[in-house]
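For reference, the structures are reproduced in the following blocks.
You will see two complexes here that share chain A, one where it goes with chain B and one where it goes with chain C.
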Partner chain A sequence: MTATAERRVIRRNGPGTKREDWNNWPPLAFEEMDTALNIQQYIQQLIKANPSDVDAILTPPVDQDEGVWKYEHLRQFCIELNGLALLLQRECVPDTCQQMTATEQWIFLCAAHKNPNECPAIDYTRHTLDGAASLLNSNKYFPSRISIKELSISKLGSIARRVYRIFSHAFYHHKKLFDDFENETHLCKRFTTYVTKYNLMQQDHLIVPILPSQQQQLSAAANQANLPNAAIVSPQKS
Partner chain B sequence: MEDVGQQQNSQNDKTDEETSRPQYSMSGVLHYIQHEWTRYELERSRWEAERAEMQARIAFLQGERKGQENLKSDLVRRIKMLEFCLKQERAKVYRLTHNGDEPPNYDEVPDENSAPTENHLAADLDSYINDTESTGNFRQGRLLLKRYLEEIGYRLIAPSDLPNNDAVNGKKGKSDSDSDDENLLDMDASKALDEFDFLHTDSDLKNDDDWSGNQNQYDALVRKYNIEKENRRKPRNSEDDSSSESLTKNLETDVPPGIASAIAASAAEGLPTRRQGRRSQNFAYGNGGASSEINAALGISNEENMDIKDEFGSDQDDPSMQAHKWSTKISLRSHLDSIWAMQFHPVEPVLFTASEDGTVKLWNLEAKKEDKHGSGTGEIEPIYTFRGHMGPVVCLVLNPTGDHLYTGGRDGNLCCWNVPALNSDPCDAYDPRVLAETLNGHTDVIWSVAYHSSNGRLVSASSDSTIKLWEPGNSEPLIRTINPPKPSLVPTSVDFVSTETTHLLAAYTNCFAQILDIETGASVMVFDFGAEATGRTLNKIVSHPTMPISVIGGEDRTIRYFDNTTGKLIHESLAHIEGVSSLAIDPNGLFLLSGSHDGSLRVWNIEKKVCLQEISAHRKKNDNAVTSVAFHPSKPLIGSSGADSVAKIYVAASN
Partner chain C sequence: MGIRPNFAEDVYGDRKTEESDQPEYSESSLAHRRSANVLKLKQVKEAQPLIGTGIGPINENVEIDKDLDFEYGDSDTGIKEMAELYSYSEMEEFALNINCWKEYMETFEDSINPLPRNFEDLTESQKDFVIQDLCTRMESADSGIRLKSARNILFILQGSVTDFANPENEQIEYQYDKNLMMNVPVQKSKELDPDGPLQVYQRAVKNSFVCYRNGVYQSLCTLLMTEIKEPYEFLPSNDGRISKASSRDSKHASYADLSDSERNKQGPTMADNEMLRIIMSSIYHMIVQILDEKSGRGISEAQNIKEKEARLLFKDDIQEPIENGNEPLLIVLLNMLHPFYIGTSPHYPIKKMVLLIWKVLLLTLGGWQDIESKKQEKRKKAGLEIMENTLKVAESMPAFILKEQDEVKNLAHRPGTLARAGMMARQMAYNDDSGRDDDDPPESASSSSGNEEVDNRQNENNDKSGEQTPRVGSPVPVIPQRKILPWRSKTTSADIEKFIESGRHKYFNYNFDNSDTTTLFGFPPSFIGAVNILRKNRYESLSEKQIAEDEELNRYLFSRKEAIEETKTEEIYRKLLPNMSQYICSLVKVLVSSVPSNKEGLNVLIDLLTPEMEASDILSNSISLDHSTSSPLEDGFRLAIDINRHKEIIVKSLSSILLLLVKHFKLNHIYQFEFICQQIVYVNGIPLILKFLDQNTTKYIQSRHEIYAYNYPQCLYHYVRNGEEWPILTQDNIEEPRSPYAGPYFMWRNVFYTINLVRLLNKLVKGKNDRVKMLMAFKSAPILKRLLKVRVSILQLYILKAIKMQSRFLGRQWRKTNMATISAIYSRVRHRMTDDWAFSSDIKRKCDYQKEDNLIKASIERFHSRRYAKYYPQFAIEVNDAPMPGDDYLNRVDMRDFEPVDNCAHSVLGLDITLGKKFKQNYEKWMEQEVFRAKINWDKLLIETRGFEDLLLS
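== the complex of A and B ==
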């Protein structure tokens, strides 16, 4: 036992690990991941291998429970969105972004409060991510990461809808920042593919034209340009 | 004449003879008598001694014989029980092989069995009278009783042997237990029995023993027993309130086949105990003359009961251990990925966690009640989330007042935070001033930070191989860079020496650790790991709070204690199954807490270097499990964080 333990690769970033060696261990087949958190490991391994290969990242292992797969992916999106939030903290200030908006049509209200509140964009971003982290860890809705209750699956949709607004705000108001982030992580592309694949959001809410199909739609829509103005979406309380 | 002359002669001869003999004198005779008397006396006493010796031998042999008889009767009883069990097993097999039909012969098995046992019982009875009568066998009887009581004790902790005994006694109890038994049931027992019919005989039995004992002591034991039993039974309630017949089946099927034989054995052990109890009671009532002696014997038995009870207690909470039993109180879940580090606020029940998800969270353990408008589940949620690092946050440290937080990340930055109010709302507006300063100077992951308690300086260790000394708030914050003694070494963990304010402990990869002088950056002492050290990474170094001792935990699963003044190894112990990832010492310097990638925490007595408790704490992600452990500096709390994104808080269990 110890002999094999000595020989096998230790998959951890121990103290002293250099950044270039971070998570830099030989990939492990999904079947060989014997921990309880194997899905998260697997997803992170796929992202590490190639963050731009969105389809490979979103392809579940054979016989994988779809609920857990969706859950762990959303968890991973929220992890990586912390990076976008960090960047936004530096330049998205209440003076310039008093409201959480993307296009001119929508003002998003922050669901973290007792009564949905018209928070500045950066607060919306932070509150939404904190709320998502809490909800994804909630004992009530997600007591286990091994099996997800059918009822809780619907929560994934509302989390996805809210965090997507962070992408859309960054895209429409902090384009440079968004592009830099997207080029590195391909996160918005992956997210859009994810919600489309698992039908977690309505297509017309996906307002960041990141996929080729969306870009065509956008150009078509721009020609019509007859959407209602300033419709306020008031998200459901969780 | 001649004849006469001859006669004369002969007479003369005679007289000559007589005169030639010693004369009988008064004193001579007395002396002779005296001598003879002494001789007889001597002989007599010798005989008596011999007789006493023989008597002693007889007594010894008699004792031995009694011992053998006891042994024999005990063995006979065991044989009976084994026979009974065998019959039960046969009946079971018969039922199984004959579609559940009751075996014709075996139906009477319990009766057949109980009758001979009763006869045998009577025979046994005598031997026990003898036992109690002769004081020479007092000790033996005491020993025997003790053993029986130990068997009862064994039954208390071994639930698996209960079913068979209950089944057996369920039948036997109906046939031979007198109605007095019913009246004797105390409140607790009868309450339990309402639910669990089959418990009758158990409680009866307890009460049998109770007859001549101290009611209170026994009641306590019975209560404890019944409660334990009840707890054990509850999940199986529905099965249990059926008839005794189905019960028997039920209980038999309850037992996994693999341990059936073990159960049979323990049943054999357990049953004589009960019979014995009943027997003594019957005897006490049937024979008034000897009852006082029995009472005495049972008086002892009650003492023994108390002993056993005490032993039970000591099993779990030996006084020296009792104070340090920790139990999980709260699981803090809000991070989305592995938590790398955690630390408690110096005073308040507040803690900080740094995670791979790029955030640091502030938790107020007392904020639970106020947090009603959140998800409403009563879970503790963080009151503030610090976002300052791109990518994982790896280490953190607080200043001694808890106002400032310093975090190091994979991005190589050190963030200096002003800790927000401990009652702040997570939904407050973002205040950029919370991030006081970002110190960038390291070019690689910052693995460890330490704060100097008196001069406000900060030390960081990075995988760019340097240790840097900072003075946050200064216009030139970077004061000194300390390079490793060898270029191949990477510092992994730093801590200030508590007993020497200018000294810094630094642990490196490759089993190297030293004490540095922070004023000069020079090495003061290199710890001597000895030749056998495996050269693996040291994960954590901590300074003892009051003594010049350093404790180091390494990837080689070992915890080592070093003397700071000599650099010599004081003690080393193989502490965990996998690498030791984290260490913490309680503020008084008595206990060490270690966390390992095997997923467990261990609490150690520093003086005796023994493990007091092991807590299974965190699940693995990859090969990472427990990442950080901490003692609260002023409250009886400990905490651990893990690769499973959960932080746990443990409290000292009161019992």
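== the complex of A and C ==
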């Protein structure tokens, strides 16, 4: 208690909080966080400190349960992706983007329905985020945020896979918007590093060249085949 | 005798010594045609020298005289269960899968890091990548991509067989050809490793763990949901679908071309459910392979622990609702039954559906052993003693052999040999134990076959007397005669009560009004001794307890709170309940349609008929099985076997599904059990079961509807080892190799389902007189008795039980002629102490069975209303709707009488009252007439009522 000079900082955004005061409270050491949601608090604090420092954000505190760490991060991604969805809403309308595509070879079914079907890109985005949110908050699979069942951890992979398509759609079809968003939040970079680190998705499926290594690979492949994007996206022969 | 009786004779020696029953041809013309083919098969057989005839048959005969080496379990071995998933028509599709895989792997060749061609050669992370990539592809919106990736997944789950292919350069060798005077390349037929198929299967098991790790199960379920909603297109001339099919692959383009003109009259075929079959097969592969603990792979301890964990996870996973749907896989599958039944989706692959339902039920609820241990646990908890494990005791008994004398005796009763006198006739209906000729329902019997049989019998006698040299029989193993009966005797409280009552009546000619079972005042010591023994053997069943408890719960609504144990069975029951009758009806209907000679009903052959075969033709039984003069081993023959096998497998799964449900519900709550039994009985389950049992038993038990070489791992293995050629059937590979000492041949699945059906029959009938009477009405006694010839002790036990139940209705004459059966019942079936099944005769007694049935029905309704009305309001009943006989006030308490009445003016006025149409139409008129027109002198009213106000105020 003595370490914290300011007594009783309330880490809440109360009603009527001003813009400059929004989330504006001094950082707290992880050991000091004594709430049940300390991991989320810690992650959000790191992001606020410097969103571009992806590695720092993804480095778990010592003795941290890996399942919870993965879970909380994915949760955070979904929360922040809503920001991207909001931006997309302006220009990604069913008239222009009728299907969920990234590169032209792939159109995806929206798995959020009882019987999956084809949705326009923006609906796919919304449905997938909603689906991910309800799955991540489901009492059945994730009853606790302190320990997570093995069975439920296996669900993270498929959520990541589906959520990633939002990035790739934005990157290939709404480049400017994507760049603006990325410059501000570094979300895609963080996501790519995250799924690579925890092996939730395979390298070849990460089709947005955002990490330096990916960009190198891309240019190497382009040199080799004289075809941009040829190696990144496994070509599908029809 | 099925498909290959004569052929079998050559291999297994003289059948007549093997079976007391004679080969008999079923009456359907299809069967006759089949048997016509069989002769050709025999010719082929004879054309080639037989090897080892000198030794083989003798050994056979020595060994043949013993019980069937049958082990009654929850299912067959994993590898056999897998083989039964596929029909032989689907063999071609294995090749499609292989091609899809090759095509898919080619796409990686020009990438920067090419992948090795064989799945096994991939590193673990590469495997993960490939599978995840396939999962991604399965989410594609393009159905062609989905199909191909699903094929790839299936290929991996089938054991990625291309890994077993020979390196290409070894496959061709050169041979000198005399005609051409040169060396010609010849495909070298590779040495087939006898363990090869097993290795394929073990690889498949391994791969399924890799797949599960990468979330294939959920992807498959999602895909299943996608495909289920695809409607079946009835319109035949739809170019769209055909072009869709042809875009899928070239094979199907040819199907489409061929069948384009005929499409109009065809029902659904394999082409209509391609995708569904692939998905369901993949899920089935995962379920069987992941849960197969006895695959016999040599794996390390650490791996083993890991797999165990994965297995448990997988079991949980299957029972969870599938992603983005509210229902678990089981319910999804069951819900597919109804559209199939009513014909809106006739293309659903029914065999795979029922197989999957069966497996999912089995893994969710547990098999026979689980039932037994759960029952013991429950009894222990309820403070009841534990009885013998029925299956174990039954298994340990040697089968009994029905004496030949009975047969001989019954020859005398055949028509013509004995004139029956009027009164005798009815008895005769039951006393002919082998009465398949005169007593069977007329449609399945013909008089000619009866004569034939008599002839055969005489021939047999001739054979025995002269032509065959007597062989030295093996010493019959001496089974020590048991001194005690295998089961402890039982009595129930009701029995004891009845016994005491009748004693009172006998000694004192007096009955207590409220039956008192405690006091034995005034009885002679011998009677008291008897009662004491009865009490000592009193067996209280869980059901009795549950019934008593249920009554209390209904009666004391306020003071008793029901503790519902949240078991898996309970969960499933709750989910099944609203549509239970629908499910049972569909299941039974499918069962009806799987009767071997049945041509009506549902088309259950959808996952077997290719578009080239005209479904309608096969069903109308006019398929020409004779045209294949070149080789009887070819198509027609294969198809006939395939159809029979297909039906047998469906029956096997269905019998098991029904029995599992019935057994588990019984254990969970007696009224759940009564409900499902009623549903089965209402859709004529009892005669249907009897119809299945009423076939030529020996032929059925020993059916040879199996082509070993075409079965799943074998044919795939052969395909890749022999330069992509399917195995050619010869007499050597058509059957599974058996050791000459293996004992009599039998078909596991048929014995299995026969047992299941008899058990189910017992469960349905037990303790319900009206249903026992039904057994009588359908003349089950001769049917059951014929089944006793099968030397499997478990089967015999259940048959004897079924006969025992109806013995009191069969009459003395029947018992007299069937003493062997009666004594078998005595020595093998549990005794109920006061039950005089062996001597009493109730033929004429009439009883109000309707009342019994209604009583149960009312109890079920109350049970449902109490327990499930909060989930499904349609089950709520008005208490007065279902008066229980002998009810008193307490049983008629209506909970709604105790709801608080709303008498607050605000809330009553605040209620949204919907006004009727009539009111709205007429209220203006009413106002006009009653209010506006009526002249009320308000002053006068006030003056006249002045006194009241004062009165109220004072």
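The working rule: the second predicted complex is superposed on the first by the 212 of 238 C-alpha atoms of A that agree within 3 Å, B and C clash if a C-alpha of one lies under 4 Å from a C-alpha of the other, contacts with A are read in each partner's own complex, and residues count from 1 in each chain.
Everything that follows uses one rule, which is that a contact is a pair of C-beta atoms (placed from the backbone, for glycine too) under 8 Å apart; a residue touches a chain by one contact, two chains touch by 3 or more.
Bear in mind the structure is a predicted one, so any value in this text is a computation, not a measurement.
Q: For A:Arg75, is the partner it touches chain B (first), chain C (second), both, or none of the two (neither)?
A: It touches chain B, and chain C stays clear.
Q: Looking at A:Gln89 after the superposition, I want to know if it touches chain B, chain C, both of them or none. Which is it: first, second, both, neither?
A: In the superposed model, A:Gln89 contacts chain B only, not chain C.
Q: Based on the superposed arrangement, let me know which partner A:Lys140 touches: chain B (first), chain C (second), both, or neither?
A: After superposing on A, A:Lys140 lies in contact with both chain B and chain C.
Q: I'd like to know which partner A:Lys176 touches here: chain B for first, chain C for second, both or neither.
A: In the superposition, A:Lys176 touches no partner, neither chain B nor chain C.
Q: Under the stated touch criterion, which partner chain does A:Gly14 make contact with: chain B (first), chain C (second), both, or neither?
A: Touch status of A:Gly14: first partner only.
Q: Which partner chains sit in contact with A:Thr35 here, chain B, chain C, both or neither? Use first/second/both/neither.
A: first
Q: Which partner does A:Gln99 reach: the first (chain B), the second (chain C), both, or neither?
A: The answer is second: A:Gln99 touches chain C but not chain B.
Q: Touch test for A:Lys114: chain B only (first), chain C only (second), both, or neither?
A: In the superposition, A:Lys114 touches chain B and chain C alike.
Q: Could you tell me which stretches of chain A are touched by chain B in one complex and by chain C in the other?
A: In chain A, positions 112-114, 117, 135, 140 sit in both the chain B and chain C interfaces.
Q: Which positions of chain A touch chain C when the two form their complex?
A: Chain A residues touching chain C: 99-100, 106-109, 111-118, 131, 135, 140, 150-151, 154-155, 157-158, 161-162, 199, 201-205, 217, 220-221, 224-225, 231, 234-237.
Q: Taking the touch rule as given, give the residues of chain C at its contact with chain A in the complex, in rising order.
A: Against chain A, chain C makes touches at 103, 106-108, 110-112, 125, 128-129, 132-133, 135-136, 139-142, 145, 213-215, 218-219, 222-223, 225-226, 228-229, 309, 313, 316-317, 320-321, 323-326.
Q: Can you check the complex and tell me which residues of chain B touch chain A?
A: Answer in residue numbers: 333-337, 356-359, 373-375, 377, 379, 381-382, 385, 387-392, 410, 412, 426-427, 429-430, 432, 444-445, 447-448, 463, 490-493, 508-509, 537, 539-540, 555, 578-579, 581, 597, 619-624, 643-645.
Q: Hey, which residues of chain A end up touching chain B in the complex?
A: 5, 10-19, 22, 35-37, 40-41, 75-76, 78-79, 82-83, 85-86, 89, 93-94, 110, 112-114, 117, 119-120, 122-123, 126-127, 129-130, 133-141, 238
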